[in-house]
Amino acid sequence: MAVFGLLAMAEEPILIGFQGPLTGPWAVEGDWALKSVQIVVDLINQRGGVLGRPLKLVVEDDSGTPRGGVMAAQRLVTAGVKFVVGTYGSSICMPSSDIYEEAGVLVISYGCTAVNLTARGLKYYFRTSGRDDSQARFFAEYVVPLFGAKRIAIMHDNTTYAKGVAEETLKYLKPAIDAGDVEIVYYDAIVPGERDYTPALTALRDADPDIWYYTGYYPEWALLLRQGKDMGLDWKVVRAVGSNACPISETVRIAGVDAVVGAMITQEPLPAFIKDKYPKAKEFVEAYEAKYGEIHDSPWATYAADAVYTIAFAIEKVGKVDPKAVADLLHSGQVIGEGITGELAFTPEGDRIGVPYSLLICNEKGETELFNPEIHGKLVGLEE
Amino acid sequence: MVTFVQQFLNGLTIGSFYAFIALGYSLVYAIMKLINFAHGDLFALGSYVAYSFLVWASAALTAALGLWGALAVAMVVAGVSVAIAGLLMERVAYRPIYPAGRLPAVVSALGVSIFIENFIMLVWGPRYQAYRSEFVPVGYFQIGELRISILQVVILISAVILLGFLYWLIEKTTFGAAVRATAQDRATAALMGIDFRKVIRFVFTVGPALGAIAGVMVGLYYRQISFSMGWIYGLKAFVATILGGIGNIPGAMVGGILLGLLEAMFAGYVSAAWKDVIVFAVLMLILIFRPTGLLGEKVAEKV
Amino acid sequence: MRGIIAGLRNDPRARRIAVGIALALVVAYPFFASAYWVDVAFYLGLYTLLGLSLNVILGEVGLFNLGHAAFWAFGAYTTAILNTRFDIPILALIPISALATAGFAWLVTSPIIHLRGDYLCIVTIALGEIVRLALNNDPGGITGGPNGIFGIDRPRIGGLVINTPTEFYFLVWIIVVLCAWALLRLQNSRIGRAWNYIREDELAAECMGVDVRAFKLLAFTLGAALAGVAGNLYAAKMMVVSPESFTFMESCLVFMIVLLGGMGSVPGTLLGALVVSLFPELFRPLASYRMLIFGIALVAVMYFKPAGMWPRRRATFRSVIGREAGKA
């Protein structure tokens, strides 16, 4: 009897909370993230868990809204969870992290890139993903010169995230604007959740841009591409570039291949493209495909998986299940371990160190590929 | 000038959707003085039913009847299924509760609305669905800089035909007179030998069926459908009903078209972000100064 | 159940004992419930407060208001803006939010107060949507757009910071009990009787010299003020306010609370709030099916109890005569 009791205690699971949009407009991201997290939890448990204890997921849906986020966070806190992987969407991360901070719960977000999230002096908030300023910089300093674009259109949707990327882009374009090399011909916001964007697209067309950067989320981008195509816009002339919140597979599913061919996105690394680079990435992709079929094309879900690795490695290093000790370790800047997306290390503010960006394009078959001017040049009007 | 015509056409198209849904609202309200909040969700249901039907049967039907034929069949299927749903709804949720008063009936309607919305979410999933490219007609007419899609033309023509037919039915036929009489004074109409049950059946099949057809068209036009799209369209359609005058059936059609035009014009010329605010504000102003709506309510109030 | 309610109606001593027991339960609850369920009870209190505020407008006067979330939002945002920009403490903002919301209500309902029935309904829906959309569009940069305003403080009393579920629970329920008491007294006053008269027969009331317009405005203003208080508490609890908390669906939920409980009935409103907020919680294990069942439950309650679960009954001559006869 006593032995049984001892065994049971050693087996007591470590609770890992998961917060994500399982319903609502970004349900697909939440679903992918949850699946990815589940895979990593399984992989870790197969190897004996953390400090000999298995990991156990406690899942809460925040429906992709600030209020949902607060309620999900509160539920996780009252459930006694000490470590949380969550969430997606900067405007949801913002209030949720306040709740976690107050309760002393460590939270690592996977899909929140607004710069100001780590400027609040929070001790328990970290992120495995990159930041808007890095993405904006990539667009301004790599993508724009790549196409020799002179007339630039920037469109956002007034959310924390999209507006943030748009403003950062302006910031990084400023030197070129001042030098007279480029000009912003369109800078406006659409209302997310609507159906009809023809008025905004008409205005965009009238502005005659070389390149159009939409910094919002994929449901709207899909509609914009569809309606833009129907209106006669051509992505060889007006290069359509979406943000890293626009997975091409989902966009194609909603808008249809013909509307998305030739459209590009600025994106952090996808699991399919890094699986040969990191052993954990290969393992992750194989395990995911074995359980769920084809691997997704979302960096956020991958970052969610890496958040679990971060927590697991950190607890092992610290030797106890204590959020404060783990937070101190993460703040120190040491490399905690190597995850799916490479080395896991954080700045004192909680940002991830070392996030690369790439330009991805939708090819004629609706697949996502790394942009290569030689192969894809004709899709975007880059003749040799 | 081109932009104006383009926006005008967009407005007419959106307005047609509203008109279809508004008609259903107006019919039910005229007969039962009940605001059927579940009506918008029936519209969404129609859209989803057609979507599933097309996914299942589109290939075979297109081969047999061509794309337009397949779409026509889908609309019939959606219309019939939703009409059945409408009849069921009336029998189960309204008829037993209606004698108890109007406010309980409104709560009941809200309950049905929640039920249908979540039913759709359970059956089809919380993710947005999209009408696949295979079943959406492409192609357009280009007149100078103006670009009109064939789909838009078909929607507008169908709207004219269907709404025109309904107008004729209600204003010019004997059965239509029965409907109007019931709307005006149910007791006297019953005394005159009008079968109330028949009128109810008509109202709860035609209204939802029209909503379903609008649902299919919205699915084809915008591609993206979600389980929550019912309530925003329902709300706007209700606004259109009031705009034209509650209980006024031609008024609902006018109200719908007008609302669509207002929306498109405001979105194009003033601000896309504020268009809904302006539309609702205009509505409030109209009601303050002309409370019975544009075409006026036909029911006098007894003291 | 009917026997209990009848008993409570007729015997003041029984009523006092019942109220005493209820209050004792309310005070004791957090000590034997888990943090999660205390949190749920907070939201129950909040929705009861909202229900009471709408009850004044819809229940007492019979004004068909389906845009109540607008007042709730106004109070919440007033608190949020004044707290985050000017560091005004939350508790001090309770009366300020109430007054501001009351003022707002007075301003917007004055031009529409003469509308009847369904027209008033549609105008209140429009109002609710206008407020929500305007908040979403971030006019003048003060409302924060779709993300809303975050970083709202917690309420403080001296050194005590109210941030645990239990503390919030007591805060909201103290306010609810005070409001319920005040509203019950109001029911038996001249104002309450005038309100009910307008609900039963507006034309007759006017003929009898009741200033219908003034009383209607009073109802809207008072209801809005209470909704403003609810907004303040909501803002302090969530630490963020955003437009998607104040949708038409929310207005519908509060509307349902009043109707499920019984129009003009204070205990009924509590029952209504119980159904609306407890239902999703109790049925959480059923996950997606729970809202389906909720929809069915609404229809069912209206079928079996169209006058509400605890309808309001006014004293009638018969009961007075009965008592007199009993004495003799």
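Note that the chains are named A, B and C in the order they appear, and that numbering of residues resets to 1 at the start of each chain.
Please note the rule applied: a contact is a pair of C-beta atoms (placed from the backbone, for glycine too) under 8 Å apart; a residue touches a chain by one contact, two chains touch by 3 or more.
Computed from a predicted model, the values in this text were never measured in an experiment.
Per-pair tallies of C-beta contacts place B-C first.
Placing every chain at the mean of its C-alpha atoms, the farthest one from chain C is found to be A. Each chain gets one centre point, the mean of its Cα atoms, and the points for chain A and chain C are 40 Å apart. Distance between chain B and chain C, defined via averaged C-alpha coordinates, is recorded as 33 Å. Multi-chain contact residues, meaning those touching two or more other chains, occur in chain A at positions 158, 191. For chain C, the set of residues touching two or more other chains reads 137. Multi-chain contact residues of chain B (touching two or more other chains): 121, 273.
Across the complex, chain A meets chain C through its residues 65-67, 70, 74-75, 78-79, 90-91, 94-95, 98-99, 102, 157-160, 163, 191-192. Those residues of chain B that touch chain A in the complex are listed here as 3, 6-7, 10, 14, 121, 126-128, 130, 132-133, 136, 138, 140, 147, 149, 218, 222-224, 226, 229, 264, 267-268, 272-273. Interface residues of chain B, counted against chain C in their complex, comprise 29, 35, 37, 92-93, 96-97, 100-101, 103-108, 110-119, 121-122, 231, 235, 238-239, 242, 246, 273-274, 276-277, 280-281, 283-284, 287-288, 291, 303. Against chain A, in their complex, chain C makes its touches with residues 34-36, 39, 136-138, 145-148, 150-151, 163, 165, 238-240, 242, 244-245.
For chain A in complex with chain B, the residues that touch the partner chain are 22-25, 27-28, 31, 158, 189-191, 194-200, 202, 206, 219, 222-223, 226, 230-232, 253-258.
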